[in-house]
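Okay, so chain A shows up in both of these, paired with chain B first and chain C after.
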Partner chain A sequence: MSIKIIVKRLLFLVLVIWAASTIVFFVPRLSSRNAIRERFGELARTGGFSPGDLEKLIASMQQQFGLDKPLLEQYLQYLNNVIHLDFGYSLYKYPSTVTELISQALPWTIGLLLVTTIIAFVMGTLLGAVAAWPRAPGWLRAFATPFILLTGVPPVIMAILLVFFIGFRLKWLPLGSAYSVGVVPNWSWTFFFDLMAHQILPAFSLILGSVGAWVLSMRGMGITIQGEDYVNFAEHKGLTGGRIFRDYYLRNALLPQVTGLALALGTVVTSAVIVEGLFGLPGIGSLLNLAIRSNDFPTIYGIVLFITIAVATLMTVLEFVYPLLDPRIRNT
Partner chain B sequence: MSSTIASAQAGSRNATQAFDASGEPPVLRVKNLEVTYYTDSGRAKALDDVSFSLSAGEKMGMVGESGSGKSTMALAMMRMIKPPGRVEGGSVFIDDVDLMALDPKAMRQARLNKIAYIPQGAMNSLNPVMRIGSQMVDAIKSHAPSESRTAIQDRCMHALKSVDLDSSVFGMYAHELSGGMKQRVCIAIGVLLEPKVIIADEPTSALDVVTQRQVMETIDRVQDEINAAVILIGHDMGLMAQFVDKVGVMYAGRLVEVSTVRDMFTDPKHPYSQALISSLPNLDNKGVFQGIPGLAPSLLRLPSGCAFHPRCTKVMDTCPKVRPEVEYLPDGRMVICHLYDEETEH
Partner chain C sequence: MATIAVSADQVPEQPKALTLFFRYLNRNKGLALGLLILLLLTLFTVIGLLVINPKHAYPLSAALKQPPSLKYPFGTDFFGRDLFAAMVVGMWQTAAIGLLAGGIGTFIGVVLGFSSAYFGGWVDSGVRTICQILTPIPVLLIQVVIAGSLDKRDVTILTMALIVVLLAWMGPTLVIRAQVLTMKERQFVAVAKLSGMSDFGIIFKEILPNLLPFIAAAFVGQVFAAVFASLYLAVLGLGPLREPLLGNIIWAAQSQGAFFNGWWWWPLEPAFGMILILGSLALINMGLDELANPRVRKSE
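On to the complex of A and B.
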């Protein structure tokens, strides 16, 4: 791969991030809501400010957040902040900065979503590959079937069913939240096991819900590849079944799956909103949900941009990795 | 193992008498090979009692319409018939080993080593994500795991050279090669282990005429080098005429005639062979092509007696009633046709 292509790809990455940040900047401004006013209105109802003081307070906060300046100036200031990865203070959780909020939430999302996505990918890909391989034993091929059936169940329903039966009825596992009430997070085995017990149900609902899709796409690809001339010729060459499976069948059937994995990693946060909400986990999904509801746009910017940068970077990395997997797209 | 030896001896006792000009024992003997496909709409006998033999260095062309069983025969000889197809019976002897009696592991070892197959769709027969070299090396390694790295390398380079390819092809990918080069790579892989028998299944289809000729010459040359018996499957009678020693004609799963290439073109015996030969364009009567009336029959509903009788111009009373058997004419040619019943009766 030439330097020119690498530079081109990196420039494209910057372009994507710029476009995304611009869209993200303007969309919340289309709303007539004012997050500061709403927040103080809330406080006023409970605290008892005098209306005059309240207006002054709001005006001073507007000024502090730069919301009184012309839109263009705000936009340029915002772009400057984006470059420095500084999204300022959260409007809703005021003294905290957006960066702080994201870095607190991120480990939860990565720990659960990233790990389950990769587990589901590996499981689904292998099961799908075996299901489409005519020489695999029947009982092994049948393993894929229940997962294919489960693709019809929406992950939310799956999560609710799991919580109801295993958490509520059988009481084997906790119903939700990140760890037990009263437990202080620390580096001990007790805390670790408590943490893991709380992650099992969300992890299972995510894995059970998504393995089937990987099985289906891999099986579809596998059926095409197993009939390819080069797989037949490999058998004519007298290669062992294992080698044909690995080098001739799996290597080729895997290519679209890798693209699928990159796309799936990009949508990880989308499923996080639902699953984290359902299980009460303090991850990026919950944070985004809260930010949208309170029109806390610095936090929305921060999260959406963070996701955009993550996905775009992932895609760029994939573009550099893909030619290693498929020689046909080198030098293009 | 003992059963293999026993059947090998049994096989050599009743070796086919088909002609081998050289007089030495044939390297390949196919006896009564039968393949049936079990489909939902019934049983289709794709290969019916096919027997022939070939000596080392001999080239045989197999011709016939699509669906006449040419490729099925090749796959059956490699023991690569997939369900719903099944080899129902027969034997394929290479020297004194019956491939049909080998256990799966020994059969896997025999592929490429004793009997090599050069595929029909060479365009897609190479793995797009592996270098050509790796695809040659893995073939050798699966048969000779103890061979040293340099010996394997030498073998590959030699094979590439023998098919007129540059040694740089070793490090290339399939998409970097032209169609003719890919076909040659397949030939190079086929001869890597110097097999006794090579089956080339329409090796020149999808190539232009100039490349076709080059590929055929390549097959010719590598065959001479390793003195293998070659079975060439194809439709192109003209190309066959230039390269093979004898021609087998297949119709509806049966091998209906085997003759030397000269006899086949000057005096074909079976009416179907006659029709095939007269359908070839000819400089003497330009523009007049003789087609063969009718269509190839469905293998699920074969005509009674001789399967060719509905299309035959020389049909007789016995043809729809009695299934013709293999007959050897006095000059050693094999034909399956009632026309020659009397000639061979005595």
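On to the complex of A and C.
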């Protein structure tokens, strides 16, 4: 891959982040809602300080958040902050910055996301390949094909079904929160198993909720590739079924599948965040839920922009992986 | 009279369009199942709308927290909604959002995809660049920003559909663009051009009819995406909170701890409703794929 392509891709990444920041900056300003007024109005109702003080407080907060400056200056300042991953202060947990809150929640989300995405992607790709391969054993195809039906069950709905049937009816696994109530986090095996037990249902919701799409796309790709001349040729050369499956069939179908993964990253991450919020795990999802419920706009926008930057960066990284998968791209 | 009888004998009997349609469905089982589920859901909604009193879909109209019974076949919720009425109205609203957003998204996609591929040049590079820049941005999260910035009173079924469609036209645009690009090079388009047909004549009379299966597939895909996105927004509590949209019912049940309190029917009914809607759309989409892409058909 030439330097020129790498530079082009990186410039494109900057363009994507710029577009996302611009949307997130201007959309809220088109609306009539005033986040600070809403937040402190709420506090004033419950805390009881006089209306004059409230106006003063709001004015000083506006100044602190830079809302009294001209729009263009605010915009440039905002872009500069985004580059430094500075999303300002949280309104709900005021002295903490949004970046601090995100970095506290992030390890939980990354753990869940990484494990479930890899399992779902690998499982879906293999099942899809088998479902489309005419020489696979009948029982294996019969096992693989029904997974396509899972396309109609999004992770959020899968979570509700699993919570009810596995968690409530069978009482096999714990529900909600990161670890059992009354347990103090420590470095023991008991705590580790407790922690893992709480992750199983969210993980299964995400895996079962997204595997169908991978089976479906891989099956379509597999059917297309079977008709190719090189597969016929490999058969006539007398190669074994396993060799054709691995080197001629799977390998060629893999590139579009990885492209699909790159394109689906946004949805994958969003699903994980929402399922996390549903289960009350201490990740980005619960942070987003809390921010939406408490009208903590800087945190909502910070999370959205952070995920956008992460997804766009990951997509760029995946594009650099293509040449490793496909020698044809390496030479151009 | 005799001649008429003879000619009728000679002409082999053409099966009617409806018969052909059912024969095709017999071959394409996925499409048939998807259409059947969709038909049943439509019947449920239409008959339901005739039977129920829409007022019962809103709070404080029925007894509280009743499990399913003869009087309330789907039970009632914490806020005193008859869930049967709520499911009927919610189904109808979900369908409205899906069809509206899917329709607008596909329309924008067809117009932009066509102009981009047919006219080429700066139009094409402009449309393509904008699509490429917007594609990596997680649409659902930007929708969270838009829905979150709106005043709660401004969030209605219509604004929900508009929010969903705002960033979801890039998919159909790129699909239609790619198809028009390949079709543009076909001979029948060249013949039409040589015979002096206008650009619009070629687009509407030559290319558009051949694209219909792809447009139909893009439309179903868009409806799926719109229902999916509205579900996510509603589950986060960003939907029109008063309306019994399926995602809203789930959100309300979740925030009242329905399972912990033993009101299992409350979140499960909209969840199964959602599975039926999304499942039927997914099956129809797969079936249309088979219709539009002959290679996929070969496997059956």
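Side notes on the structure shown:
Methods note: the second predicted complex is superposed on the first by the 314 of 332 C-alpha atoms of A that agree within 3 Å, B and C clash if a C-alpha of one lies under 4 Å from a C-alpha of the other, contacts with A are read in each partner's own complex, and residues count from 1 in each chain.
Going forward, contacts are C-beta pairs under 8 Å (C-beta built on N, C-alpha and C of every residue); 3 or more make two chains touch, one makes a residue touch a chain.
Fair warning: this is a prediction, and the values are worked out from it, not measured in the lab.
On the superposed chain A, the positions of chain B and chain C stay apart, so the two partners fit side by side.
Of the two partner chains, chain C is the only one that A:30 touches; chain B does not reach it. Within the superposed three-chain model, A:263 lies in touch with chain C and out of touch with chain B [touch as defined at top]. Of the two partner chains, chain C is the only one touched by A:168; chain B is not.
Legend: residue contacts after superposition of the two complexes on their common chain; A:239 is shown touching chain B, with no touch to chain C.
Of the two partner chains placed around the shared chain by superposition, chain C is the only one that A:288 touches, whereas chain B remains out of contact.
In the superposed model, A:307 lies in contact with chain C only, and not with chain B.
Looking at the shared chain after the overlay, A:227 reaches chain C, while chain B stays out of its contact range. Comparing chain B with chain C, the partner in contact with more residues of chain A is C. Rounded to the nearest 10, the superposed model shows the Cα centres of chain B and chain C diverging by 70 degrees about the centre of chain A. Of all C-alpha pairs linking chain B and chain C after the chain A fit, the shortest spans 13 Å.
On chain A, the surface patch touched by chain B in one complex and by chain C in the other comprises residues 134. Those residues of chain A that touch chain C in the shared complex are 12, 15-16, 19-20, 23-24, 27-28, 30-33, 132, 134, 148-149, 151-154, 156-157, 160-161, 163-164, 167-168, 175, 216, 220, 223-224, 226-227, 263, 265-267, 269-270, 274, 277-278, 288-289, 292-293, 297, 300-301, 303-304, 307-308, 311-312, 315.
Contacts from chain B toward chain A in the complex involve residues 78, 80, 82, 108-113, 116-117, 119-131, 138-139, 142-143, 173, 175, 186, 189.
By the touch criterion given at the top, residues 134, 228-230, 232-240, 243, 247-248, 251-252, 255, 325-328 of chain A touch chain B in their complex.
Across the interface of their complex, chain A is touched by residues 132-142, 144-146, 148-151, 228, 231-232, 235-238, 250, 254, 259, 264, 267-268, 271, 274-275, 278-283, 286, 289, 293, 295-296, 298-299 of chain C.
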